[in-house]
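In the two complexes that follow, subunit A is the common piece, with subunit B as its partner first and subunit C second.
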Partner chain A sequence: MVLDNLIQTFVFGIVEGSVIAVGAVGLTLSYGVTRFINFAYGEFLTYGAYLAVFIAGGLFGVSLPLPVAIAVAVLLVGLLGVAVSRVFFEPISHRGALPLLITSIGVSFILRNLLQGWVGVDARQLPVPLLRRKDYFGVQLTELEVAVIVVGVVTMLLVHLLLQRTMLGKRMRATSGNRSLAEVAGIDTQRVVRQTWFISAAAGALSGVLYAILFAPFRPGVGFAYLIVIFAATLLGGIGRPYGAMLGAFIIGIAMNLGSAYLSANYTRAYAFVILVAVLLVRPEGIRGGEF
Partner chain B sequence: MSGIEAVRRFDDALFSARDIETGYGDLQVLYGVDVDVQTDEVVLLFGPNGAGKSTLMRALFRQLPLWDGTIEMDGRDLSEVSANEMVPNGVAYVPQTENVFPNLTVSENLDIGSIHAEAPAERRETMYDLFPRLAERQDQDASTLSGGERQMLAMARALVPDPDLLLIDEPSAGLAPKLIERAFDHVDRIREAGTAVLMVEQNVLAALDVTDRAYALDMGENRFEADADTIRDSERVRELYLGQ
Partner chain C sequence: MGIERRRLIKHTGGLAGITALAGCLGGDGDDGSNGDTTAPGGGDDTDTGGGGGGGNNIRIGVLLPFSGDYGWVGANVLPVVEMLVEEINDGGGIDGRQVSIVQGDTEASPDASVSATNRLVNVENVSAVIGPTSITMSAVIDTLVENEVPVVTPTAGTTSLDDRGGEYVFRTVSSDSLGGRAIARAARDEQYNSIQDYERMALMVGNEEVFQSFKEPIRSSFEEFGGTVTTTMDIRTGKASYTSEVQSMMDSDPEITVLVASVEDSIKITEAGFQAGYEGNWFATQDQTNQDFLSQSDNRVTNDMLGLNAATYQPAEEAGRLQGFFDAITEYAGWDEGSRVFATNTYDAMNVLGLAMSQVAADGDDLTGPNVAAAIPTVARPPEQAVTSYSEGASATADGTDVDYQGLVGPIDFDDDGDIVAPFSIRRAQDGAWSEAGRLPPEAL
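Moving on, here comes the complex of A and B:
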């Protein structure tokens, strides 16, 4: 029985790890190319979840089936990311990382309060059914939880193929490795940065939707609050390194669930925070970042 | 200085830069420099430290804004284009340091070079023929290469698009003496393959062996310009610039 519980907790950790992994990969890709930590990233999670609710709920005239609504929401948030980068970040892109980082905190406030002013602070949830857990090889999971893992794994695979097999991925890696040389080699790096913003924001939105599927209901502060968990995973893997972020995400997810099950469920996010602090103490080079 | 003319200007040059002025912030480095490169020519830029050689290369490749002056390639005005448009205009550039993508494999570095190549597969083969060592190391990250191998990869990456003109900043920098000769050998073969070369080099005597013409730069201005033989034979130049 003890072992069953442990395995079950572990698998719940992998479910949440999938949510974190999608979010952490998006954050780390944007850092790898733009070289600043985007504190507005949490709002992409929030906007993804809210847009999915509204599009599925017929706010914009037609009510789309949930998977389609999610896809549309993810694409729209990707475009929002490009718009945000052009309005706020491109004009100051040559000023260095600190002004960009501080601007991103401001952008985060703007986006969050715009949403709150629009939809209020009432809790919302995605139109997903309450499901009974089924037995998968001795582990109890709902079909939605299985779907979250599948979406997480497929996303990781797509990111891997993007980076290793496509020219866009290679341009992104070249820009990440040496932006000045990328320009010299004939790459329009500003365009690459915009494409990266799209991918990053879309990944954030998908992560927000997955979060909303698992942990309904949610409010406009949901993404900002979850950012700490995503940071922990990103830094654990070394910021700017997508494969590190994936690994970090599953470690954080499992640690949070083990802590909740065996220590105290009151401190779920605190476990992620403790790991974040530990990374900064033991391996501060994690925040300096690398290229992918 | 007998036999050394001030600065000749070639009206039919492949690449012409005239009256180039630039600098960093408020600090002016170049005060009106002229450089021409003719088709199939290897041209050397030399001069003391701080003369502005690397700054000139960066300005010519549009990495620095021009404060004044014009740059033309094949009659096209490149004064206003940005660095990433130089390769499509037939000019490639190998910076002195950090001239490979360390996080990409050798093969992927050439993929980046291929972005503006017309026949990427053929060009890649040509590069592996020119630098067989790179073919052996195709799947290794560039960060694992030796200094000499990196320099080869940097040249290969720049040559994949088959440019008409290659700018190289210090091809021999950081290389072991044995490899320096080979670096200039490569420059010679690059010219034979139909690409003109403009290089900055401290190792002037060795570089002159593969050079057609040279410009001496000092204090951000042209000092003189002459054929390689004339420069090699000039005692004045040897005294002033070659320390002999």
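Moving on, here comes the complex of A and C:
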């Protein structure tokens, strides 16, 4: 019984870790290539979730099936990410990290309030069925929770293949490692940066959709609030390191669930930070120090 | 929301007109916006009072959340206040003065409520306040009482008012201690819930004043009625997920779980219970016993769920007054049903306040805070002539008759703490709609 509960809680942590991992990978990729922390990233989560709701609900005249709606929403937010970077970040990209960071906070406010002005502050839910948990090898999960883990793992795998096996991935790694050297070597780094923004924002949107599947109903502030958890995972993994971010995400997810179940349920997100602070004190570069 | 914003702009705009342009332009502005608002604002008296819009009006502050999660409270209350203010003004106003409404948006947050209250009291100089809710009561009550502003709240059940009030603060809604007792009684006794005599109860209570206020009354009453409380959990409001909380609730093995939380958190909690295979029932407070909650929830989760509501007051129903009010407010406000939460409470609050003012005027006294506050219990208590509306009561007071206002939610006889007793209705959810499972008269508590 005690062991069952522990395993169950652990698996819940992995479910939430999958959501965090998808978001953390997107954030850390954009940091790796652009070298600034994008505070507007949380809005990509929010936009992903809301667009999925509205596209599935007939935003474009027809009600698309939810998986299609999610795919369209993720693509649209990817394009939004490219647009945001071109309008706000590229013009000041030579000014260093601090102006970019402050700008991203402003962009976050703009995006959030635009959404709020459009859809209001009412709570929304994705049209997903409510399911009872089933038994999978002694662990109780709903099919949706299983799907979230699968989507999370597949996304990790795709990012891995992208970075290791494709030309784009190699260019991204080169740009991340040394931008001037990459340019000298003939890589169009600006193009790489834009492609990275697309992938980053799309990953954010997907993470937002997964969040919305697990934790409905949600409101326009959802992404910004969850951003701190994603930050924790990203920093824990060593910022700019995709594999570290994945590992960090699962540690944070499990810590939050174990803490909620065995210490006090009132401080869920605080456990993420306790771990983060502890790791940073001992190993400030994060648990994974290598390059990407 | 559009109308309310416009009105807010009108009032703040009117204020700017007074201070900046001292007169003519402010008057024009008010006249312009007057056409589509219900409360004749400053427009009428700028002709007579040179000082500026509304200077001679009796101002009534409506201090409630108009935006945010609890925006529905303001949206349910304001049209009723407006309808009655229109009735008062159509009858010639009070003491020859028109009544106007000033909104103060508490946003259901203590910070915002303090600044809204300061504005109503110090800038707008309101003569009385309708509101606030339990959420912000403790943040603003001292300011209101110290400034001698009479307060009649249709929305604050908080137990923190149980032994306060009666001098400046009155309410036309039952105290949560009665509500909590009603939940305990109804859960314990099949004749009130139409399902079973529940013996084992768990309590999940949000960690805010508005929710915590219910906790002790439910817990102690349920034990007093012979039940067992398996666990009493404080839960943090606004969390993403309540899986852990629901798990510990289920570990205590209750037959019914009383959920004192916001609509949004309640959806998350009940769905988490469904996912985890919880087989007990749920009991909700007034906050969730509405269509909003059911329409956002899955019927498989909410079927047979119990809820608490204020019951209709039999004499008001039998005399057709309740239906009359529903017809009037649906037509006036364009609602699809008149029985919105707090609507009847507001009707009573505003009538009592209007009658108290007209009583003060009939006595030839000034409409000061202490005078109006002192008149509030007298116009509502027997044994004088029973009246059921402002117009009826105002003509009686003008003739020198003392009146006893009989409301829609109850006889509205304020006790020494400014509280009333009223019957409760126990609702049961079935296929996405609430219906009455039983009725709890005050004597049963």
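List of remarks:
As a working rule, the second predicted complex is superposed on the first by the 284 of 292 C-alpha atoms of A that agree within 3 Å, B and C clash if a C-alpha of one lies under 4 Å from a C-alpha of the other, contacts with A are read in each partner's own complex, and residues count from 1 in each chain.
Everything below uses one rule, namely that contacts are C-beta pairs under 8 Å (C-beta built on N, C-alpha and C of every residue); 3 or more make two chains touch, one makes a residue touch a chain.
The structure presented is a predicted model; accordingly, all values stated were derived computationally and were not measured.
On the superposed subunit A, the two partners subunit B and subunit C both fit, without a clash.
By the touch criterion defined above, A:G186 reaches subunit B but does not reach subunit C. Superposition on the shared chain A places subunit B and subunit C such that, viewed from the Cα centre of subunit A, they span 150 degrees in steps of 10. Of the two partner chains placed around the shared chain by superposition, subunit B is the only one that A:A174 touches, whereas subunit C remains out of contact. In the overlay built on the shared chain, the residue A:Q140 is in contact with subunit C alone; subunit B does not reach it. In the superposed pair of complexes, A:L130 makes contact with subunit C only, with no contact to subunit B. Using the contact criterion defined above for the overlaid structures, shared-chain residue A:L79 touches neither subunit B nor subunit C, since it reaches no partner. In the superposed model, A:V68 makes contact with neither subunit B nor subunit C.
By the document's definition of touching, of the two partners only subunit C reaches A:A265; subunit B does not. With chain A used as the common frame, the shortest Cα distance separating subunit B from subunit C works out to 38 Å.
Residues 5, 9, 12, 16, 121, 123, 125, 130-133, 140, 142, 211, 214-217, 226, 257, 260-261, 265-266, 268 of subunit A are the ones touching subunit C in the complex. For subunit B in complex with subunit A, the residues that touch the partner chain are 61, 63, 82-88, 93, 95, 98-104, 108, 111-113, 115-116, 157-158, 161. Residues 67-69, 207, 234-236, 239-245, 247-248, 264, 267-268, 271, 274-277, 296, 298, 300-301 of subunit C touch subunit A in their complex. Those residues of subunit A that touch subunit B in the shared complex are 167, 170-171, 173-174, 176-178, 180-189, 290-292.
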